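Two complexes follow with subunit A in common, the first pairing it with subunit B and the second with subunit C.
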Partner chain A sequence: MNAARQHRLLIVDDSNIMRRKIERSQDIPQVEIVGLAGNGLEALALHEQTRPTLVTMDLTMPEMDGIECVEQLVGRDPDIRILVISALADKATAIEALEKGASGFLCKPFTERQVNDALVKLIEN
Partner chain B sequence: MSLQSEIGTFVAAVLNYFDTAVQQPAVVGTPYLALGKAPEVFDYTGMIRISGKRKGVVYFTAPKGMLSVMLMRMQETDMSDANLRDLVGEVANTLSGNARKDFGRNFIISTPSVVAGSSTTIGYSPDTRPIVVPIDWRAYHANLVVCLN
Partner chain C sequence: MKRRRHDFDLAQLLPVVVATTFAAVLTLLLTLGIQRASQLQSASSALQLASELRSLPQYFGTELTLVQRGLESRTFIGEPLADIAAAREGFDKALERIDTDLIGAGLGGTVEIQRVRGALDAAWARFSPLLVAVDSHKGTPYSDTLSGSRLNSTGRALKSDVDAALAAQDESMRDVGGALKDLATGLQDAVGDRGGSLRSFLMIGAAVSGLLLALMLYFALRSRRAADDARRAERQVADILGTVREGLFLLDRNLSLGHVYSASLTRILHTEQVRDTSFEDLLRPLVPAKTLATAMKFVNLLWKEKVHEDLIDTVNPLNQIEVQFAKSGGGTDSRHLSFAFKRVKNAGGQGEHLLGIVTDVTDRVQISRELEQSKAENQAQLDLVMQLLQVPGAQLQSFVRDSDMALRKCNAILKQPGREESELRSKLNGVFREVHTIKGEAGAMALTAIASRVHQLEESLVALRDRARIDGNDFIPIVVKLDELMSYLGGVGQFADRLSEVQPKGDTMKSVVPPLLANQMLAADTPSLEQVLAKVVKETASAHGKRVALQCRGLEAIPAPYRKAARDITIHMARNAVVHGIETPDNRASASKSETAAVRVSFDDAGAEGYVLTVEDDGQGLPYERILDAALRKGLVSPADAARMERPAVYGLIFRAGFSTAETVTEHAGRGVGLDAVSQTVRDLGGSIGIATSDGKFTRFRMKLPQAVSQAGAAHVA
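Presenting the complex of A and B:
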């Protein structure tokens, strides 16, 4: 593993094209992608194995949705930083995600630059 | 909120998807009422169902060729059925997101679903009149259909 990469990113989205888009977009040198999960349950299992420090989290997913997964991940690791990336752009949803422990919110659809800027903010904050 | 502005919410969602995710704008044609026969369904359709203050269905239906080129524009190399379904699902997801943002709690919006096949029938209540909004992009043609009572 590259020692310069201090941040370990887990990407959680039920859409394969969204997972791959976030994976391709991410070009922050300090960030290493450690896993891709298709729902909240997979994310929790991958969290055990990969111990990510950063997570991008979709909200509407089968098996376990993003809000519940945010709550469980923050319960396991209060220092984890979670960027919710969702098309559910209403204020109530964003507030609920932040209340459960998410650190940021990005609306879908997004550009490569927007996802990188949001991840940089997450790291710097 | 008028029906016109409700339709505007869905049109804005689709146009924003092309602008932002595909990074090439689409053009909206003249909307029309589908009277006498059901609106045309293309190869892949992403839809949301709405209940509450209004009831009905809203869907984006597009041909495989259009979705494949959209995926290429998004740097995706895998044009599998799963990814084409994912793409219309993501468009439907933005329809849902915009509706929740603009309409609030008066509308209950289902999780987006996807169907494949141009012979698919999309069920809607007989007391509704589907409004078809043509969406043109490059040489391709898709439809946004808003069918609310």
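Presenting the complex of A and C:
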């Protein structure tokens, strides 16, 4: 892993508390947080501006939900790596997001360590 | 993986490459050897010719001399002349053959040989015409005269040619002989050389063959060792697959199982149909269609390069599934299985297979369930103790006594004769009313732990009541559950007894229970009906998001024989009023009513006419249409009857067993048992119920009770 290479992380979650929690948890040196979005539409707009390489994505959100957002982001950038972070109410929904192009799933609630481990795995994959 | 495969390929290819190379070398050597042998043969032939020719010059000299002498003695010279011609032509032919052999021996281009060969040609060219001149003479050389034979002109010409040939013979033959000698020497060298190189080729060939043989032996040994290793590895794999407790299998890109899987797989999945079966077919009998579809999607995710296999563990729908297997002796066996999947990749990172691991986790699941259950039981016991501590001792004892009585009554009802469907249903309804009453009492005292326990029994009764047909055997589980409830409430009774031993000592209470609780317990041994109702209304209202004010009047004047019945009735009806009668604050506001509703409970002495117990609310009134709909739905009335029914008759339906308009069943109301229990109690007491209601305004139940308590009522009161 080239330390000079920066991974650009966009955090997408409709809960302010969750966004903050992910933001605070993330302490990987190669990762730089470039944006926080509260729904799918905001995420797409921020993607235009910030060109993230990594995304953490909630599934249930107003305006545009996570699954559609995953589909659109992957459509724009097939190499983008998306970690779905959501409460596991329905496995089929999580699987749908993965089918649309997300790379991993992390179940809420999560620990700081789990977020970091998952992001490291995504970077190294 | 790739490295191993690479090695495997090399091990297979190396002997072939080596053998081919060696064979090519051998072929080359043999070809060269054959060439050398052929050259050697030609050179030898040329040498032999050259050696033979070396005797010819002398032969020519002898024959020429014979011709000369013959001419002198006038004898016949035809024979030597013919011999000379034959020898000369033989010499010419031999030279041609030598040339052919020289080319065959590869010496056509050799400078030295060419020089020698040229010298031979030159010498022969000088001598050969002389011989031609001699042997070409035809005719008789003599002329016979009387004086004897004399050389004629032919003879003279011949003699002159022979003399000339003999004169040149010595020198020419020396030249020819010398040239032949040189040629023979050159050829001898060539033969030696060709022979030497042929020997070399043969020796190299022999060496190469030996080496090839050795290598072949080595490869044969190595391949045998590799085969042994492979067999040993195969045996070890078979040992592992035969021993491991998990069901292991490989899935290919088509999600089909291969030939290699652990023996446990068939045991865990209870099927022998595993080999070459698609994973979907394997799962189909085990899981619902929806789970199957999700599972197949999940497994397909593992082929997606982009998906990180460690990061999708949690969405595995087969992580823990409950499956039913048919037992050999009939019935089904419920097991919990856990499937896990891992990508099997080669060194190039290409996924070739998925490794599936299935484990029977039934024991683990059961242990964790038992743990949870025991945790829940502990919590329930703790809750119960906390709730019991908050109920005054005497009231608790009274509850335990009443409940015990009710349960005994249930047993008595169940023991009554009668096995007809209608009789069984009547028994069921009787038990129902008693159980429901216990639940209501428990709820009224905020003993939710007990109430929810009784609720469970009530659920079983509802399930039984909703069945199309029932028979006596269906009551067996009910009897068991009633026994359980009785012993449970017995435990509560013992606790109540111990509590009462502590309670009368007053101050000592504070040492065992928190002061607040102790004060509460000491405050009133038995709360008044008004207090109980206030609590019931408050809790029910808050559970249903309603605002209700309770107004009570004259309840303290209820004569002792009616207190228990009045208590049961008013608790039921007040709760029903809050749940069904009162609207939500929003609805009340939009109907221009006060957001806080009123529930009024009063008891009046009507003198000779007896007593009147009234429960009234200012809610939405009895919903005539919903009552009729519900009664139709439950089959309490036929559509034909429904069309004819007057309003009062419709309202009367709410007292029938099994009637309820509530959409959901809660612990508070909605069983459809409250009002029929009330109606039964009132009838037992020899009384009657009247209903008055107005849409959107109020509902009022008036229960008239006789002055003297009836016999049936006495049983209820006891």
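Quick notes on this structure:
Rule of thumb we're sticking to: the second predicted complex is superposed on the first by the 119 of 125 C-alpha atoms of A that agree within 3 Å, B and C clash if a C-alpha of one lies under 4 Å from a C-alpha of the other, contacts with A are read in each partner's own complex, and residues count from 1 in each chain.
Just so we're on the same page, a contact is a pair of C-beta atoms (placed from the backbone, for glycine too) under 8 Å apart; a residue touches a chain by one contact, two chains touch by 3 or more.
Because the structure is predicted, anything quoted here is derived from the model rather than measured.
Once chain A of one complex is fitted onto chain A of the other, the partner contacts of A:Leu88 extend to both subunit B and subunit C. Once the two complexes are overlaid on the shared chain, A:Phe110 sits against subunit B while remaining clear of subunit C.
In the superposition on chain A, contact is made by A:Glu99 with subunit C only, not with subunit B. With both structures placed on the common chain, the touch criterion links A:Arg20 to subunit B but leaves subunit C unconnected. In the superposition on the C-alpha atoms of chain A, the part of subunit A touched by subunit B in one complex and by subunit C in the other spans residues 88, 91, 107. Looking at the complex, you find that subunit B touches subunit A at residues 16-17, 20-21, 23, 71, 74-76, 78, 82-83, 86-87, 89-90, 93-94, 96-98, 100-101, 104, 111-112.
Partner subunit A is touched in their complex by these residues of subunit C: 290, 294, 297-298, 301, 304, 306-308, 310-312, 314-317.
Looking at the complex, you find that subunit A touches subunit C at residues 81, 83, 88, 91-92, 94-96, 98-99, 101-107, 118, 121-122, 125. Subunit A makes touch with subunit B in their complex at residues 15-18, 20-21, 24, 60, 86-91, 93, 107-111.
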